[in-house]
Each structure stands twice: as C-alpha cells, then as structure tokens.
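Reading through the structure tokens given below for one structure.
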Amino acid sequence: MTKNVVVIGGGASGIEASRRLRDLGYSPVLVEKEDHLGGHLASWNRLFPQMIPAKDILKSLTSDMKGIEVFLNTEVISINRLKDSYVVKFSNGLSAQVKAILITTGFTLFPAQKKQEYGYGIYDRVITNADLEAWFNGNKDKRVTDPQVIGFVHCVGSRDEKAGNRQCSKVCCATAVKQAIEIKEKFPDAVVYCFYMDLRMFGRGYEDMYLKAQKDYGIRFLRGRVSEVSEDINGRLVVKADDTLLGKPVKISMDLLVLMSGMIAPESNMELSKMLKVLPGEDGFFSPANAISNPTLSNRDGVFFAGAATGPKTMPETLSEGRAAALEIDSYLKRVGD
Amino acid sequence: MMHERVFGSFDLFVLPFLVGMVFVLLFCLFGLLRILYQLSREERLKFYASLLNPANIIKNLKDIFFDCLIHVKLWRRNPLLGYMHSSIAFGWFMLIVLGHLETWFYIPERMELIYYPIFFRYFMQVSGTTVGGALFFFLMDFFLLVVLSGIGLAVFKRFRSRALGMKRTTRLTLLDYVALYSLWLIFPLRWIAEGFTAGVAGGSFMTVPINMLLSSFMKNPENITIAWWAYSMALSIFMFSLPFTRYMHIPTEILLIPMRNAGLKVRRHNKGYALAQLYSCPSCGVCIDACPMGLHRRSADATVYMVRQFKRANQARSLEIAEKCLMCQKCSSLCPISIDATELRLAFRSRQKYNILPDFQYLKRYLALSAEDDSAYAQAQNGQTEENSSGNPVMAVVSSIGSKVKSIGQKIMSLGSSSKEQQENIGSEKVLYYAGCMTSLTPVVRESVEKLLKASGVEWSNMDSGRSICCGRPLFLSGKMEQARQLVEANSEIIHNSGASILLVSCAICYRMFKEKYSLEGVRVMHYTEYFNELIKEGRLKVKRSALKYVYHDPCDLGRGCGIYEEPREAIERAGHLVKAGKERKESICCGGSVGSLALSYEERVHITEHSLENLTVNAPDCIVTACPLCLTTYAKQSEIKVEDFAQVLVENLK
Amino acid sequence: MIFQGKQKIWSEYQKDIPEDHYFYVRSCIRQSFFPASEKTFLDIVKGELGKDFFETPHHTTCGGIAYHAEAVPQETMMTIIARQFALMTENGYENYVCSCITSFGLYTEVMEDWREFPELEAKIRENLWKATKREFKVPKYLAHASDIIYKFRNEIAERAKFRLVNHKTGAPLKVVEHIGCHYSKMFPSKGVGGAEYPYVLAGMIESWGGEVIDYPERRHCCGFGFRQYLVKANRGYSMSNTYKKFESMEPFEPDMIITNCPGCPYFLDRWQYVIAEQTGKTYGKDGYGIPVFTYEEVAGLVLGYDPWDLGLQTHQVAVEPLLDKMGVPYKPEEKYKGVGGKVIVPPEFPMNIKCC
Amino acid sequence: MVNFGYGLTPSSAVKIIEGEDKLYRKLCEMEPDVKKCMACGSCAASCTAGDFTEMNLRKLILSLQRGYYQQALPMVKNCMLCGKCNIVCPRGINTRHLIMSIQKIYNL
C-alpha cells in the first residue's frame, strides 16, 4: 500500500494527475463523491475558445484508467497523520495509508438563487450558465422557448462582497461570450445582450472570440451590472441595469436571462482543511505555500493541490496543474523514501 | 486611263455600310445636341466663344491630331503600345483621307456619295502608270499595311499584354468584343476585296500580290462582289455597335478636346461635359494598372469600370466605386484621354442625399470669442485692465489662441508696411503655421517644424496649437461642398486676422485645400517642403549631408495634386543621399491612408500600403521620407524600415 | 412566476415574533394621515385577540425624521431611543412594537450598532443617565405592528366577516402590497420574508382571500423620500416615482393597494389625485383611482368594522367601489359625519378623479 | 388641468424595446463594422469637433444601438469628417463612412 497516493476529487485535474501517477509507477486511489468521474467537465457542452466538445476531452481523459483505483460515490471520512504518512478512511469502509494526498476538489458554482434580485428559481425565464450547458447537451428546458431577447449577466456571485465572493471567477466572461455565440446560433433572430463589468478576455484567442461575437453574431455588450429583474404582466422579464458607457439607466424586456454563476470554493473544503490542517484562504479556496513558484505545494508535507481547488482556472490550466502535481508528488516520495 | 467600272456608281453591297454610317452620324448628332443641351448657359457660351478664338482653334486641332491620331501619351508610356494605337488610328484616318482625295482628284462629282471614297477601288479603274496614280496606289497600300501591322499588334496584345507595357487589360463587354472583332476584320477584308479588284482596278505592293494569289485558284468574278460585301458588312457591324461600345470614344474625343480647352468643368457626374468625358473613355485599361486598389487582385473599381457604371446608371455600383477611390489621381494623370476621374467621382459623391447635414455654426461662437478676446488684448496692452477677459476656463483657452494670433498680427502690421516692399527673401516674412488635424497624431511633425522655424530665426506663430478647425478638404472630398465652405470661411478669418503673409502648411492634404479652395489675398500658402527648401537656399537654414540613403514618397495631394516634386527632393539631397523609388513622381503609389477614400476598409488599405512600401524600398534605402502626416502614420504602422517626416530629416541633419 | 421559489425564500426569512405582552409606540404622522388605523390596531389586538398591549403617553418621537434629514446627530437620536426603551423597561415589558416603519428601521439600526459596538451603547447609557436618570434594557424582541397582524392573520381570517374577494363572483381581489423601504431593505433578515419578496403583507392578503400582484416596479419607493417631498421644488420628483409605480401596476388592474408604512399610503393615495389633476390620468376603473389602505384598515374591513369608523372617508381615492365589490355595507350619507352624527361639510371634489 | 407648481419629470431610464432599432439594423447592413465597436473611446478623445461640441462617436454608436438616440443624434451634425477617428480606431472601423451613413439614414 505504500506506493499509493490518494487523489481527492475525480474532476479533470484529479483524473489527469492519477493517470500521470500511474504512469510514474504508483497506484493512485481516486475518490469521487458523485457517481461519475469528470466533475463539471461532465456536464459542460463545449469549451472555449475552440469550441471543443467537453465530451471528447472527458473521453480521452478517462480512456485509460487501468491501474487506478476509482472509488465513486465515496467521500473521505477522516484523515489521521502518522509519523510520515496519512491514514485516510473512506465512506465505503475502506481505508488507505499513504505518504501523499492530492487535493483536486475543484469548485462549485455560486448558487444563483442567492442573488434574489435576479429571481432565479422564481421567474420562469431565468436560468444559469450550467442550465444552459445542460440545454446545449440536449436536456429539455421549457424556460428556453423561442426567446426573442436574451441577456447574459456576468459576475453573478463574483466580485460581489455581499454575496461573499470578492474574487473574479476568471472564466465566466469568456464562457458568457461563448454561450452568447452558441445561443445566437440556435436562435439567429434573437437580440443578445451581455451585461458585463469588465470583459476579461485574457487568454489566447479569447479576444478573437469577443470580436467574432460582435461582428459575426451581432451580440450587444452593455457595460453595467444588472440591478434587478422583474416580470411584467405577460411574464416577460424586465431587466434593469445602468448603461455606464452611455451614462443612462436602461430597462430591457427579455425572454431569457442567463446568469453567469461564478466559481466558488466547495463547502467541503472546510472539513478537509480541518482534517489535513491546511488552512483555506479567505475565499474558501486552498492556498498553496507559494502560489507563484509552485502552486501545487501546500504548507504541509505530503499534501498537494491541483486544479480549481486553489482558485478559478481554465481547463488547460487545470490539466497542466494535475500533471505538475503528479511530478511533484513523485519527487517528494523519492525524497522521503517509500 | 481611268473610267468608272460600275454603271450608276452603285452596288447593293454598299448598303450595309451606308446604313451603318448614317446611323452613326445620326447618333453622334443626337449625342452632341444632348451634351450641348445639358451644359449650363454660361458653359455653352464659354464653349462657343472658345470655338471662335483662333488660338484655341489651333490648339484644338493640334490636340486632336496628337491625342486622337498619334496617341502621344501612349507613345511615352510604351512605344509599342503607342505604335499599335497610332497605326490603327492614324493609318485608318489616312486611308479615309486618301480615299476622299482620290475621289476628289479623279471624279469630284462623286464626292457627295458617302460610300464612294470608301469603295473607290471597286467603282473606279485607275491606271497606275501615271505618277499620281502610282502614288495613290502606293500610299493606299502603305497605310493599309500600317493599319494591318497595328491590328497584328492588337491581336498579339490580347495574348501578351505585358509586352506592350500593360499588366492587366480591361474586361470587355460582349458588344465590345463584337466591335473589336469586326474592327479587326475590316482591314484584312479590305485587303482581300481590293486584292480581288486589283486585277482590273489596279493596285500596289500589297494588293497586287494578293490578286495574283487569288486569281491563281479563283476564277469566278462573283468572288469580287462577295469580298466587297464582306468588307461592307464588317464596316456595318462595327458602325452599328460603335455607339454602344468603347469605340464611341473615337467621335466623342473630338468634342471633348475643344470642350476641355474651353475650360469647362465637371458639374454632374453624367451630364454635359462629364458625359463627353464618359463617352471619350476608350477602355484602354491604363487606369487598371495605375490604380493602387487593384494591386493585389483584379480591381473592379478602376476608373474604366466607373465610367461603364456611370454610363449604365447603375446607382449601387457607381456609389461603391465612387466612394472607394483613394482620389490619388494616378489614373487621371496617366490616362491618355486625361479623364478627370476624381472630378467625376466627386460629382457623384456630391449628389448623395443626406438627411442630416453637418453645420458648423458653432464655429462662429468660437471666432466671436477670439475676436472678443482681441479687444480685451488691446485693452490690456493699453494698461486699462489687467484682468483676463473672462473667468470661464473655456474662454481662457480660446483667448490664449486668440491673443497669440492677434499679437503676431499686430507685430506684423507694425513691421509689414515698411519692409514688405523691398522684401526679397521669404525668410524675413512673418509665418503662420497650420499643422492640421492629422498632425496631432504625429506630433513629431509639429515638433520638427517648430525646431526648424526656431533654427532659421523667422518670426512665426501657431494657428492650431490649441484646438483647431479642419481645413475642409475631407468634407470637400466627401462631396459636402457647402459644409466645406463653412470651414474655409472660418479658417480664412483666422488667417486674415493673424496678419501673417505666409501660411505654412505641413500637411499635403491641407496644403492642396488652401491652394485650391481658399482665396487668401496677401497670404502666400506654402508647403513646408517649398518653404524650408527656400530657407536652405537663402542660407537661413543650414543642413549637413549625412551618409544615409533616403527615398522620398510623393504624397498624392502634393505631387499629382499640386505639382510639387522638386523642392522636397532638393532639400533631401542636401541632407543625405536620395535614392529612387520603383515608381515615383507622377507615378508614385498612394500610401493607402488617403482621406479621399470614403469606403475602403482597413484590410484593403493594409494591402495598398504594403505594395506602396515595396515600391519605395526597391533601392534599399535606410529611411523613407514623406511630407504628409497621413502618409507618415500609415507607413509607420507597417514599414520595416524607418519612416520619417521631411522636417524630421532636416532637423536631424541641422548644422 | 414560480410560486414555490418564493415560498422557499419566505421560509428562509422567518423572524421570531412573541406571542403576547407588548410595549406599543405610535407613529408621529400616522395620527394625522390615517387617524383610525392605530386605534383599529389596538382594538383588534386587545379586543378581538385579547393580547396584552401597553401604551404610555410619555413616549416621544424616535427622532427618525430629524435624523434622516440630518438635523440631529446620531448620538442624540440614540439617546431618544434609549429613553423609549427605558419606558418599556420601567413598565416591565421586553417586547417592543412600533407602528412606524421609519422607527422600525431606526430601532433595528440602533440595536445592530450597539451589538457591533458595545462601547457606543455604554456611552448612550451614560448619556441617558446624565439626562434623565433612567436606565434601560435593550428589547428582547423588536416587531413592527404589521408583524403582529401578520402573526395573527389566520386568527383574524377565522373571525372574518368579509374576505378580499369579489362577493358576487367569488374571485379573489387583485391586491398590490407595498412595503415601506425601511422595513427590510436595510436589514433583510429583520423583516418577514426578507427584502426582495417581503411576505408580511402578502401573508395577510393570502390569508384573507386576496391575490397578490407582482408587478415590475414592486420594489420601488413610494416617492416620499423625506426631503423630496418636504422641499416643494423636489415634489415633482417625488410624484414621478409614484407615477412610475402606477404605470407599472396599471396593466394588472389591481383592486386595491395595502401598505405598512406611514408615508406610503399617504403618497400613493394623494399623488393619484395630483396626477389626475395634472394629466387627466386615473388608474382605477371608470375614472376612479386605486384605493390605498393601511393593513389595519384592511384588517378592520375584514373583521366587519364600519368603513367610516375606520376613517376611510379621509382617503383621497374613493373606497366605495371596492366596498361594493367586497360586499361591505356602508351608508353613503354617513360618510362626512363626525362623531355622534355631527355634520362635517363635505370637501371640494376634484375635476379628473371620481370621488363618488 | 391644475398647476401645482411642480410636475412629473420624465424618467431618465432608457427603455429598450425590440423593433425600435430598425434603423440600427439598417445601419448594420450598410456598415457591418459598426458592430465591432468596443466603446474604447479613442474616436471621441481625438475628435476635432469634440474640441468645440458634444460630438462623441462612442456615445453616438451606443445610443443608436440602444435605439434611443434622439438626444445624441444632433451631435452628428458637428462632425468635420477630418478622419482622425478613422486612424485611431483600434478595430479598424471606417468611422467616417459610418458617420456619413448615419447622416444618410437617420433623421433628426
């Protein structure tokens, strides 16, 4: 059992790290609390900016899982530290003694109903980015029926201290632009608005996607946060925002409003951090010992991070951190001796 | 020795030609009346008056001879191309003239029959034994040979246009092809027809051998008539298609030349004088190669196509072509007919309907404020008040400009009267410097000009160091003449109030506007290339010669627009070594940034700039020099080698 | 609209409201705007429900108007409030109920401030002691009077003589609920149902048979805004806000408006008259306006009190069409009679809005 | 009607209603590049007419897009078509032609 490594969280970085560890000669145990691997990747439709189907990526990730012990529907119950190893107990009754634990717990999406003024769960035509991805994946959703005017609200629960999240969720701007393009493809006659505060098109090809959204799809970008949403007598949404670039408040009737719920830290991070005695940051995400020189190292020996467990990240970043963590664990285990 | 071969001087085969000829004549008459009718009263009077002026008559005849028959401009462009055109035009002309001379010489009573001189050989039997007869036979055959050689070249050009100096040729219409092929056929058919007849009617070195050849295997005299029928038919087809094809230029140009010499100007894009221009276009396609827009692909926007669309009254395409053009004027400066392509486009642009028209009444307030400030300034001078004219910060900005202008004005006034008379050199004149809108995006130009002015010790002031008014050329180029006039008025007031005697302009675009559309009495408008070159000559400005190799780009509005080619070159020569561009002066290639184009997209402009840069760098210069802020910004974005402004070069090499 | 979604939010914002023994303080301006409302409230809670409500003539204003107009400093306002609390403590109560929304907001604010900054509370205690030799306890429970009616809404419904339904068709009346801004916008957790979908009035309407209308501008302020109305030059602004609300609710054709604030019913009522006189526009049927009520008046109507005893004749917008719809009997000739049948001269009637 | 000495003030909020942007759609057909505007404001900052007037192309484009332009539209009269905005536009929009098209299809 000494060659084992426990990887907590079966999302993209967890899978990728496990595979690399396996390639390096270890027998990783991958723990996932859901009944399937893939995390958020499994429920997403396409990934920006190349619009690659999430399915394809997940398929290639999980194509070869030989040599990896995968526990689905399983959570970590307790972790006890011995002299130079950890005993991890799982909810399936098994346990493992390992010298290294990799935390790949990722993120959860901000529960949009918390922003009550947007009326998610109350108005018939308000959905979230995740709902829209599900719809793209073919799930029926009667809230999306022939919309004439569609709005995307950026930064829902992000950059919002009152909602408990000061941080920027990083990927939602690009996601919103991607989804705006996709929905315009489905409803070419619809008018699509994006309500943004800043457009953070930081990655390669993202600005091109933004330009394409404007030029080829005629998507209208309105700088200003939506302040409130209500329903008129016909059940259409009345969306209020300040058009900050025009210096005028605007009111737009809409048939569909998509809330870009941001990435926030999962609540389970707190329990895990207590078990491992690694403190999460103010925002609930884990804090690496040195976020610049090596974001996979924690401040405790034998505990490593990868992916969105340490903050919002894009898919390629998540995957490369998974690989980096595998290498880091390998050199750590070689150093301490198996 | 001579007699009429055919009884009654008539044969059925002349009918096709005759009908065609009458048709063309009627069409031309109708067209002439239409064009004259479309002229305004003043234009008509001006035109008629010029036709009575003997000097003009001589000039008209000379121009018609050299342009229409000899095609001198094409000779200059490419001798082979020139020969091709003049051989056909002049050769054919001579054949017609000689035909008439022969008729007049031998049987003057037949002169009234239009067809007779054309088919003279058929109707008349003339002995070649007399000197006169032999000469006629020889000349007719000689010019037939000339024409045939031209036709041969034309056929050759269809396949290898580059050999005649043309990369691209015009896409012809179906009717153009009909006319072209019938034109090509006319002369071989004439050769054959006259060859058949040469046995009985006589001939010379071209026709006699053909006669021998033909009679060796064709004995039937009926063939003679068939050949003449074919010749007449070819003529007829050509005549009937002529009014609807590019060959309409043949008769129209004869009208265009006197009209141009009478000083007429384009007013409407397809009426009157402009219509004469449109019909004078021979679709030769010289403008296609000239057009910088067509460098990377076959341009459908060259002037020849504009003419075609204007004639067809295709509004959508006309607008597109009219708006796209850079107005660099290269096409019109190379055009053998000198068609005013930019004027035609401008006329079209000015016909566009706008719901909202610009209105610059607000400038009146600005000018009034400046004037108000003048009086405040005067008061301050007299020590009556120390306060600023107003506490309003906006007013203060305006007044700072106003007072500067005024102060210079006063100084100049005080000096001016005594010294103006004996002023010999421009260095001692007072200068008002106008940098223009674009220069604010290229501050190096203003900075350099100011350094040069300081270095030469002239007295000068800025016209637009604060906020400024556009010169009006962009508005003018967009066809908004009335609005441009408002700006002209506003600027004129500022210039006159300054009291300066030289308006120094560093922007080629503004310069042309000030030169052409302003009437600034007592103020000499000078481009800074002229001005600084003059100062160098006067010794007020001393530059040393660096080892750098410069290439100079002629800005369109400065070179082709105002004819300034030498001054900048002279000055640059003193500051370094001037190398040649691939094409320069009249043939310089627009940088692509021109404000003249209204519709050209950024991507299209990038290609033009690229090509223009390639042309400039053929002789591996160290630095590209231009004398227009717009060319400077345009090149600077794309050039791999250093791009500098004219003034900047002088500053760098100041002694 | 997904009703379950709202219910979920309501379930998250439930506040503790004590069963009995309340110390009651009145509102400064309601006495004159809607004089019968507070009396009706006490009649209901004491008479009908038999609750223990204590009132003292020694209580004063909470200082809210002066504080919000920045006429007195915070410490002064807090000391005034401390004195109110002292009155409660001296009389042996610990459940504080106020009639005014501004006061409610202010009490909440002050109590939150003291919780966060105990040294501030200590200072106020000292102030109060120096000024009046009184001591106080912070109330155990703070409730707005509408919270009390909300709590006993079902009891009232059991005793109802009339319901918020069209008595001829049985169809529920369409009711607009308007919550005073200071009720829960500042401290969402202190109001029943929170700030976004307050339930305090909606609960009453549901219990009494009406149907709540959710119109786009439901969150918007009535337009009072203190200095907006108090300064004449700003009054157009005040009215424009009311106008915005009416334009937004108009398509829903509401039968009535219920409010829980001193200013709101006044301005929603009186501005209808001004709008009608200025623009000719009325929002009710047949040239009438939309009648505006306090929740106490509605509770009184439901319990079968005489409309004129409830003071409904002091409303600008005529209530008669609504009474007819609910089937509440009334004597038109009694409308402008005072206590003991004393004849009061009827007011001058406006031009554009019908007032029977 | 009674004069109370005060009255309704119009709402400052812009109500964007679909269908009211017909002219803007026409403009997009004529000038597809207008859609590329990212409201950076380079045009307004360098504007010659903007030195004297309210001319602000960035605001104008936004107002037209929102279908609420009556207040902003008159500024288009101030333009001298000098073309500086054309040069500074980072997205390569042909701003001069855009302004001319606005002058063509919109009515004051």
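A, B, C and D are the chain letters, set down in written order, and residue numbers restart from 1 in every chain.
Everything below uses one rule, namely that a residue touches a chain if its C-beta (ideal position, glycine included) is under 8 Å from a C-beta of that chain, and two chains touch if they have at least 3 such contacts.
Worth saying up front: this structure is predicted, and the values here are computed from it rather than measured.
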{"item": "Chains touching both subunit B and subunit D, listed by label", "value": "none"}
{"item": "Any chain that touches subunit B and subunit A", "value": "D"}
{"item": "Chain whose Cα centroid lies nearest the overall Cα centroid", "value": "D"}
{"item": "CA centroid of subunit B to CA centroid of subunit C, Å", "value": "84"}
{"item": "Geometric centre distance via CA averages, subunit C-subunit A, whole Å", "value": "46"}
{"item": "Computed distance of Cα centres, subunit D from subunit C, in Å", "value": "46"}
{"item": "Computed distance of Cα centres, subunit D from subunit A, in Å", "value": "39"}
{"item": "Subunit B, residues touching no fewer than two other chains", "value": "none"}
{"item": "Multi-chain contact residues (two or more partners), subunit D", "value": "33"}
{"item": "Complete list of chain pairs which touch one another", "value": "A-C, A-D, B-D, C-D"}
{"item": "List of subunit A residues in touch with subunit C within their complex", "value": "113, 116-117, 119, 121-124, 228, 230-233, 235, 238"}
{"item": "Partner subunit D, residues of subunit B touching it in the complex", "value": "323, 352-360, 362-363, 366, 437-438, 440-441, 467-470, 472, 474-475, 478, 480, 487, 593, 595, 598-603, 630, 633"}
{"item": "For the subunit C and subunit D complex, residues of the former touching the latter", "value": "232-233, 235-237, 239-240, 243-244, 274-275, 277-280, 351-352"}
{"item": "In the complex with subunit B, residue positions of subunit D that touch it", "value": "33, 46, 48, 51-53, 73, 76-84, 86-88, 92-94, 96-97, 100, 102-108"}
{"item": "Touching residues on subunit D, where the partner in the complex is subunit A", "value": "12-18, 21, 28, 32-33, 35-39, 58-59, 62-63, 65-66, 68, 91"}
